[in-house]
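Going by the order they are written in, the chains are A, B and C; count residues from 1 in each one.
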Amino acid sequence: MISLPPLAYADLQPLLPELFLLAMAGIILLLDTALSPANRYVSYLLTLATLAGCTWLTLPHLGAAPATALYGMFIEDPLAAVSKLVLYIAVAATLTYARDYLKERNLYRGEFFVLALFALLGMMVMISAYHFLMLYLGLELMSLSLYALVALQRDSAAASEAAMKYFVLGAIASGMLLYGMSMIYGVTGTLYLGQMRSVLQMGAFPSLPLVFGLVFLVAGMAFKLGVVPFHMWVPDVYEGAPTAVTLFLGSAPKLAALVFVLRVLVWGLEPLFIDWQQMLIVLAILSMAIGNITAIAQTNLKRMLAYSTIAHMGFMLLGVLAADRVGYGAALFYAIAYLIMSLAAFGMILLLSRAGFESDRLEDFKGLNARSPWLAFLMLLTMFSMAGIPPTVGFYAKLAVLEAVVNQGYVWIAVAAVMFSLIGAFYYLRVVKLMYFDAPEQSSEISAGADVRLVLSVNGLALLLLGILPAPLMNLCLYALKASL
Amino acid sequence: MADLGLAWEAAWPAVRTLLYILLILVPLVLSVAYLTYAERKIIGYMQVRLGPNRVGYKGLLQPIADVVKLLMKEIIIPSGASRGLFILGPVLSIAPALAAWAVIPFAPGWVLSNSDAGLLYVLAITSMGVYGVVIAGWASNSKYAFLGALRSAAQIVSYEIAMGFALVGVLMAAQSLNLSHIVEGQTGGFWHWYVWPLFPLFLVYLIAGVAETNRAPFDVAEGESEIVAGFHVEYSGMAFAMFFLAEYANMILISALTTLMFLGGWLSPLPFLPDGLLWWLLKVAFVLFLFLWFRATFPRYRYDQIMRLGWKVFIPVTLVWIVLVGLVMQTRYAYLVH
Amino acid sequence: MNFQAALFYFFAAILLGAGLRVIIARNPVHAALYLVLAFFSAASLWMLLEAEFLAIVLVLVYVGAVMVLFLFVVMMLDIDPDRLRQNVWRYLPVALPVALLIAVEMVLILGARYFAAAPAPAPLPAGYSNTKALGEVLYTQYVYAFEVAAVILLAAIVAAIALTMRRRKDSKYIDPARQVRVHKEDRLRVLKMKVSRYGEEMHDHDAPHGGADAASSSGER
């Protein structure tokens, strides 16, 4: 029996953002019970303040060397810092876009903010996990909060059904992950990612049970990422959930899931990359194919964006399967770029919706140019970026990923990816066509607060700006990977 | 002969344990019988009645007559009942009530199993008692019985939490889960008993104990004026007697535990008096008297009031007190709690 | 085979049997009760491994609380086992081959080749307390995981309340806190009455017995 030293305050230092977030979530939870509905904005502002505080606490970690804490369960490195900072911004933007939508649907409650913060905390735990147990617990914390958020609109049968599907499939995915983790633990004898990597590097392990565990791990992660053939829940959940929640679960968790994949496959199991590369190739190609082709048939914008997510996740995996620093950096860049795009796209749906009107069908966007040229332009940028048309950030993200794949000699994969992107461009451009060349069916005034318009404008223009000047973000991503690994 | 001696040697521990078990159970069952008599007498006097006074001298043979009556009666199994579970219900009710006695010490060294996890064991075993009630209520295939089972399940789960937290306080004070050690920690006169530093926990434990045994004023599971007799409405004869036995055995058990954990067990209240079983019996009898007194005094709680009391009063009280005890233990006043 | 091994096989057999019955029992209540039995057998197995704390806590938490609530819910559901069974037959032709395939693969891969029986651990020193060891790692090595698990529970509580709490306007809710605060004077009026002998003043018979008048006994004043 090894006696470990008791927990010291210094051990908690790297955890400050997490602790602050947890404390604030508790405070908001308690405070909100005392607030009248008219004063609900206090919870909203406190939530934004929490995110600002977390940003302030996380910034110093950006330049720090990787360090583990809490008996090696927690890792703080530039990758974690970068991801967390992006997540704070994404959650803040989500809450801003969602505010009016929630108010109109009687969802503007303290629980929404608290659950969103808990989900964020789960993502942060995942991102900073250096132990299989923490990866799993973080994932569960995030998923549990997301299930509840999807179901929060109790009177909506669609939302309840979506939550049920999400929950059941999510539970199966968790089971698979745990099963895979236990197999790998059985062979390597450790759950610490760092130890696992060094143990595997020494080699001489029977590969069959390792690969067997890996299959379950990758399947579980594919479930969570929503890539083919584990994608069935994505369209239903995206469509059924209240749009504000769709925005939340379509943005931040994607980046967290990518870091999860990187921590497992690279930090822990990189010596097995030959095996997982094969699996990821299948997942990526299938996702791009089925995601892009099925999206064409959709008439609901949320559903279309769900299939587009599947395709984008497949594209992002290309960077991971390149299995080198540049590839991972490109995948990280892709995830961040996708996050900005999906924020803009769902933000636009939220902005155009009103009480009793969801604005989530394609027809609802007909003639948007006539009603508001500026919003139509922002949506145009978003769609161009999703399709990967220069000079938007989507183009550069795709380019970086393809470059990484080609560098590894997988030219055929790159060719296939480009083909599927071309197919995908069709349905993105259809939205543009509807906005600019069709007569409007709606003529009502677009009501949205100035702050929402401002944030959405910044968001849309960021797509353009990062497309023209991608170097700083790209360098940041590459730095994060190189300094962390 | 030698073989027989060896076999005897091997079998002796088992035989001895069996004898001990009998030594505990027979007095226990007799106590249950006379507890019912005491209950009727005491409540009778409280209500200015005489109570049973026909069978034997001052009605002293009344419990025996009741037992004979119940033994002679037929056990009726309702036609729509789930047969196996219907029989299993009373068994599951009585078994935990008796099994928990394995770790109860009566005097120094007078204990069947001196387990280091005794307190946890008692808690785990008593938490099983609810199955008897729930299964009986469900298997009877009767609405009244079912309602009683539901009420009982909700009530017992709610109060178990408060009860468990109250025990955490004792555990902190005694630094042990062994019941004998807990008693020894209270040596040195009645002012060393845990009832003083843990007074709120003592109250919570006692009241939760009343609720846990489904006794008035927490007897909504039976509620004879609303749901006839609750979970055991369909039972008769010995099957009914089992529930009866279990309820009273549990009462004695809770009293014994209260005595051990808060009232110093077999220790005498004043240091110069000798310790011994007698003190233990006196204290148990006193707590049992409280049980009867409650029943004679309080009207039955309503279901939502019970839930409120359990969740919104007892659990917060115990939590606050546990934190308080923990804080005091970190200061130089730690001697106050142990 | 010594006594301990015999006990192990005994409990393991019950555990497996009960686990099987959980899935094949026709009645959901029976299935839940078999699950209780399975938990109990698992606790006994832990007890054999000298993990008495875990064993007792398993009984205390799962058998004593979680499964009671489970039963509580299952008993109130009106589940028709035969209707559920129809779907089983419909999907069985697909499910069975897949399940068999996975089982065969698992047996092939995970056969004794890789997971040979581990050597028996060294006997524990006298005075070794499993509970203490558990407490030590729980508050050092695994403190982070322990705390995050607690946060998950908190999130679950918030989620459960957010999803189920709904104030109905038409429910006749009585605030127990107000009821508890009621005083005797609010409900009860003691009348002073002149003592009178039977037959002197007949109209006194109309007064309530004992001279007390119980006011309304409804919950609200």
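In this text, a contact is a pair of C-beta atoms (placed from the backbone, for glycine too) under 8 Å apart; a residue touches a chain by one contact, two chains touch by 3 or more.
Small disclaimer: the values here were computed from a predicted structure and weren't measured.
Visitor: Where's the contact count highest, between which chains?
Guide: A-C
Visitor: Using CA atom means as chain centres, which chain is nearest the centre of all the protein shown?
Guide: If one averages C-alpha positions chain by chain, the most central is C.
Visitor: Give, as an integer number of Å, the spacing between the C-alpha centres of chain C and chain A.
Guide: 36
Visitor: Where the centres are mean C-alpha positions, what is the separation of chain A from chain B, in Å?
Guide: Here chain A and chain B have centroids separated by 54 Å.
Visitor: Provide the C-alpha centroid distance between chain B and chain C, rounded to the nearest whole angstrom.
Guide: From the centre of chain B to the centre of chain C is 20 Å.
Visitor: State the interface residues of chain B toward chain C in the complex, per the touch definition above.
Guide: 82, 85, 116-117, 120-121, 123-125, 127-128, 130-131, 134-135, 138, 146, 149-150, 153-154, 156-157, 160-161, 164, 302, 304-305, 308
Visitor: Touching chain B in the complex: which residues of chain C?
Guide: Per the touch definition, chain C meets chain B at residues 27, 29-30, 33, 36, 52-53, 56-57, 59-60, 63-65, 68-69, 71-72, 75-76, 129, 131, 174, 176-177, 179-180.
Visitor: Inside the complex, what are the residues of chain A that reach chain C?
Guide: Residues 1, 3-7, 22, 29, 70-71, 73-74, 109, 111, 114-115, 118, 121-122, 125, 131, 133-134, 137-138, 140-141, 144-145, 147-148, 151-152, 154, 186-187, 206, 208-209, 212 of chain A touch chain C in their complex.
Visitor: Can you tell me which positions in chain C touch chain A when the two form their complex?
Guide: 106, 109-110, 113-115, 133, 136-137, 139-145, 148-149, 151-152, 154-156, 158-159, 161-163, 166
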